[in-house]
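Listed next: structures, encoded as structure tokens.
Each of the two complexes below includes chain A, the first together with chain B, the second together with chain C.
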Partner chain A sequence: MNLSLSLLSDQFLLNFSYLWLIVIATTIGIIIGAMPGFGSANTIIMLLPFTLAVDVEVAMIFMVSLFVASHMGGGITSILLNIPGNGGSAATCLDGYPMARKGLGQQALVLSFVASTVGGMVTALMSIFLLPYIARLAFYMHSVEMVVILLFGITLIASVASDNMLKGLIAGFLGLLIGAIGADHIYSTPRGTFGFIELYDGVPLIAVLIGVFAISEALIMMESSSVLSDTGKQMMRQSGWKETWEGVVWSFQRTWHMIWTGIIGLIIGIVPGAGASIAAFVAYQQSRLYSKTPEKYGTGIPEGVIAPESANNGCASGDLIPLLVIGVPGGTTAAVMLIVMTYHGVQLGPRLFIQNPGIGYGVFITMLIAYAVMLFTTLPLTRWVSKLVLIPTPVLAPIIIAFTLVGAFAPRGYMFDLWLTLLFGAIGYVCRRTGFNVVALLIGVILGPMLEANVMRALRISGNDPWVFFSSPVGNILWAALAVSLAIPSIVQWRRNRAAARTATA
Partner chain B sequence: MNDDRKAKVATGADWIIPVLGAIFATYYLISIKDLDWEAKVSGVFCAVMLFGLIGIFALRTAIGLLRGTHYLEFRSLYESHRLAVLRGSLFALTVTSVAVIPWAGFTLSTFGFLFACFLWLQRMSVRAAAITAGALALGGYVLFILILRTSFPQGPFESLVSTLTGL
Partner chain C sequence: MTIMLDRRHVLMAGAGALAASLARPARAAGDFPDKPIQVLIPTGEGGGVDQAARAFNRIWSKYLGANFEYSYFPGASGQVGYEVFISKRPADAYNILFGNIGPEMIMYATQKVKYKYQEDFTYIGSMDIDDSVIWVGSSSKFKTIQELVEEGKKREITLSTSRLPHPSTIGALALAEATGMKVRMIPYGGGGPARSAAITGEVDGCATFLSSSLGLGDQARFLTVFNDTNRAPELTNNAPPVNQALGTKIPQMSGQRAIAIHTKAVEAYPDRVKKLTDSFKQVFADPEYKTVAEKAGTPWEFIQYGDAASCQESAKEFVELADRFRSLLTATK
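Coming up: the complex of A and B.
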């Protein structure tokens, strides 16, 4: 593959000449990302006439900037309102919202922006230099490996439910069962659909997301006149540039954390079909498992914001690698990009790097510049954006409901989805009031269908031999990693208990 | 609530999710009983696990009630009468708003919903509520219908604007 300094510098110059376009695209991307239900894929589809009318380089700069910005934007509402803009930012709610409630919304936003930028930039740089090698990973990721990766995500149910494990597991398995609604992956026979044809494709994730997060959160909000505690309100009113700078310092004190969780996102992003939501949940879970203070996760700590945000932006780089190197899109937006590139006559796959290396490497150069642009445009805004939480809840809650319902309708255009959203809103409300973790429920709904599809595919290919799950070297390495990641916290806890017992007897 | 109750675990409302889960799991198992094993293995596994967990939950609650460490109550679901009325009103207004969307369209239903909520929940003056709700509904119309082209059912407002301006 023809990677040279002159090629990279040419791409930098090209991108700089379209800086105005990157600014526009990132602004649209951040706004779209912050709105539940409006994904980057839908936006690119809506702007398809533009991307088809301009040169392929310009179209790619626009699409890539919009794509990466949407990953960053999703964290804004997760932190301020406990409503994720997309599945990838659902894990950000776990610590981002508690931080906002304490009056640390501005710092949490900065953490999210810096982690997104660092995670995205590091993984984009890695992608440029390791592209040929990283891309080979995609060839080794089949159903068996996907099963283990998904299990990594599902173990998070136990983590988030640590307050009340039994209730958390009930919510998680209910989510998995809800995720099993719809036509099965082999015979396409409907299961548990109550006869509704709208459920044959499965329960729409956006309806669940908006219902259990936005609607139920809006109902819960009514218990006080503000989402902030009294101290939080006072802190938020007085917050200024000092808090922005504090967020930057907190972020860079955790540079290594941003890097390794970004790499988790990159690796998961490379696997076709595994999206930002899995990357964010797995990164959060791994971050918690290797933390010295895992009990603080969920109470509003910087690491809990950094891990998912860095990972879902790392996933954005990973999503594009199989698209460019083997012509297989890693996600929905990458699939739309494939269509645009094919329309422009660009041949994807290994030939791309021989015939048109500028486009191949240019994608990651665009990502680097888009992240830099986003950081410089969003950081000064955090001071004002974070004030959103100062709006009284009797005003905020109806606005949230009115506008998120549009998001529930937009992806499929069914009125049915609005009713489903209200149903999940009621379920989410009951869950929250009675201590059943809604994140565990959501993880089940997101990962359940994927796990089932991959388990069935692996079994089909192997002639129903269960040993297939231990038949691949990469899969076995992942199994070992899963076992180690589950065992380490128990070992650490056991050692701590033993040390405490020794101290007590001494 | 006296100190004796504070030390105990409240149960009652937290039975809603397990009961709903058990009903749904039963329905799910019935709906898949005639399918091939590949189509039902995942659902059966999840349903059996769910029943098992609900069983443990039931056992734990029953023991707690017998020992006196748990007590029955449903108040945790609504906290106080005032909050129950507020939340109930908000949810009822949301349901009404969704129900009228097919006839009123996005803009009018959103305006009506926000106007009613601001009047009822925030106790805004009629004028302030109308201006705020109107501005938000119009903003939503421009963003979602005109710019993002969301295919919400057309109402009288959208039809009128479309006829007058061709947008």
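Coming up: the complex of A and C.
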């Protein structure tokens, strides 16, 4: 894997000559990213004849641009409408939407775009220069390590539930329960499917995502005439270029934050099978943990938008690493890319960097350029896109319901999924009205099945020896980090109380 | 290039595309096929079967005189796809299922399904034979299958597999039964994670189909092939056939990608079925098929035509094998 500058500059030039294609692909990517139910994998399959008809470099540029843009687009509706475009942007709702409601929608969008760009670019650059080394990370991340990483994400249930711990935990538990529906991971015995063949592979995430977020949010919207508060409306009407600039300044005041949460995304992305939703939730949890003001998370603060957005774009770089280096795709989109590449006769895996290093490194060059292009195309748009929230809710809500229901049907083409989505819409509405946290529920649904699969796998490999979870050095380091992350908030609280007591007695 | 869209994609592409497909000029009635053939794939889009089916159908459409539209119903090792096909698709020979006889008949035999083989569906032709193999990662200490078996007599060997109901799982279990080695199969729910686990050393090795592992290059060291001959020796570091290496009598463990149609359609429309099977067979003589099949990742050595009778025989063999290893493949003790 010798890296030569001439190779990199060749790739830069190649990508520049296809700039028009990158613009088209990123535009499509952002749009599908923002639409719940339409993923980049689906879109590439839809455009399969195109990708097979063109040169392999062109196909790769197109697919990579579309893929990274879909990660960036997911945040738009999370922020403006509280509706995540995909699992990776669900965590962005936590602070993005409160910002939008306060009339800071434009700044929040800028934060999300800049964080996505910085997270994506930094990790793409790291990938170029450290590829052989970071690829080794996958060799240390097995089921046991995944269990601990997933637990990091799951502890977020407790954080988002901090307003009302009991209700939050119940919601999280309900999520885990819903996530456990479907065939078990070893023997494929169906559980809780009520005989519905449509549930054999588990509850489809899109139905839950659209139901508990989009449908229930639309129902809530209909109860008031506007998404915004009165002051928010005032601010939004007046917002102009100044607010765009403000968002840029806020982002770069938190440059280090963008970088390290991006790196979390990269590392999680490298683990085969772990995706952007885990990356975003874990990054949000870590960001909150090391914050001086963890209690402000969830109220609409810039850090809460930056962490998940930077991480899910860092994850995009990470996802491609196992595909390129060992020839095993890290996620669905990567799997589809693998097919297109094989069809073109390109061997992914270690031989790629010997036979066709241009493609191997070109992927990351394309990412760098795609992000730069997106920043220039999206930043000016924030000013107008953010005005979406000014649309009166009696108009907005039915549009949301109609659009997202199409999105619920599209991935699998089952009518069943529509009913399921409506059912989850009702569950989400009841949860919101009664103060049960829907994000806690979603975390359970997303992370639960993965946790279960990894626990069962680790146990089966070890011959049902529970000590397997403490048998690996990397795993043990992660356990220690998890313990620290759980203890820190209590210690901080204890010290604050003590300090407060001292000042009181002084 | 034919642009192929399935129903969902038509939906995504918008009403315009839908209108266009409805406005297709009708040909003389009775001239089969006078509309596109609906292909149901019981695994995910872009998977091995999808790739092979698309490559095959590109050539098949020339001889059949019809285009193909795809839909995907993955889940429960193919069970979802078969149930949808049998219960929701009309038995008119315009609806075909592209599946994989080995894994799907083992699934049929080990899971509770709502359909019956041969009463509800019939395989009418197969297009390739993909042998099961056992391979280890390049950093593994095992160089030969004998070494793995010897170690397996001292401790339980872990082998990753995409799912338990799979010919390669049965192959490994039969190998263990024949040699006295101990083996524990670890299902990863997909070929990708299963391969990754063996490469990164989480498990001792991987039991899977040969073609899906060919792209791994030097990272995979093939130890044995579950067939009488190794049909791709240069691609598999000349791994020996299992019976030749160990003197066992393990039957051939292969996947056969094949098309199935409703048994009712076979009875009701013999002329349509004849058109399907005749044109299906013609594809194999077309030199262009070699090019597209190899592009789709199937070595030409694996391409082999099988008629309805040979498909039926193979399906029955797998049901018997699955019955023999039922307790190890399911949660029943």
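Heads up, the rule we're going with is that the second predicted complex is superposed on the first by the 506 of 506 C-alpha atoms of A that agree within 3 Å, B and C clash if a C-alpha of one lies under 4 Å from a C-alpha of the other, contacts with A are read in each partner's own complex, and residues count from 1 in each chain.
In this section, contacts are C-beta pairs under 8 Å (C-beta built on N, C-alpha and C of every residue); 3 or more make two chains touch, one makes a residue touch a chain.
Bear in mind the structure is a predicted one, so any value in this text is a computation, not a measurement.
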item: Partner chain in contact with A:452 - chain B first, chain C second, else both or neither; value: first
item: Chain B versus chain C as contact partner of A:192, first or second or both or neither; value: first
item: Touched partner set for A:237, first chain B, second chain C, both or neither; value: neither
item: First (chain B), second (chain C), both or neither touched by A:327; value: second
item: First, second, both or neither for A:409, with chain B first and chain C second; value: both
item: Which superposed partner A:431 touches (first chain B, second chain C, both, neither); value: first
item: First (chain B), second (chain C), both or neither touched by A:174; value: first
item: Chain A residues contacted in one complex by chain B, in the other by chain C; value: 38, 46, 184, 186-187, 189-190, 406, 409-410, 413, 460
item: List of chain C residues in touch with chain A within their complex; value: 1-9, 11-13, 45-46, 50-51, 71, 73-77, 79-80, 83-84, 111, 114, 156, 158, 163-165, 184, 186-189, 192-193, 195-197, 199-203, 215-219, 295-297, 329-331
item: Parts of chain A lying in touch with chain C, wherever the complex brings them together; value: 38, 41-42, 45-46, 49, 52-53, 138-139, 141-143, 183-190, 197-198, 200-201, 272-273, 322, 326-329, 335-336, 339, 342-345, 347-351, 406, 409-413, 453, 457, 460-461, 463
item: Complex interface listing, chain A residues touching chain B; value: 38, 43, 46, 166-167, 169-171, 173-174, 176-178, 180-181, 184, 186-187, 189-194, 215, 218-219, 222-223, 392, 394-395, 397-399, 401-403, 405-406, 409-410, 413, 415, 418-419, 422, 425-427, 429-431, 433-436, 448, 451-452, 455-456, 459-460
item: Complex contacts: residues of chain B adjacent to chain A; value: 13-14, 16-18, 20-21, 24-25, 27-28, 31-32, 35-36, 38-43, 46-47, 49-50, 53-54, 56-57, 60, 76-79, 83, 86-87, 90-91, 93-95, 97-98, 101-102, 106, 110, 113-114, 117-118, 121-122, 132, 136, 140, 144, 148-153
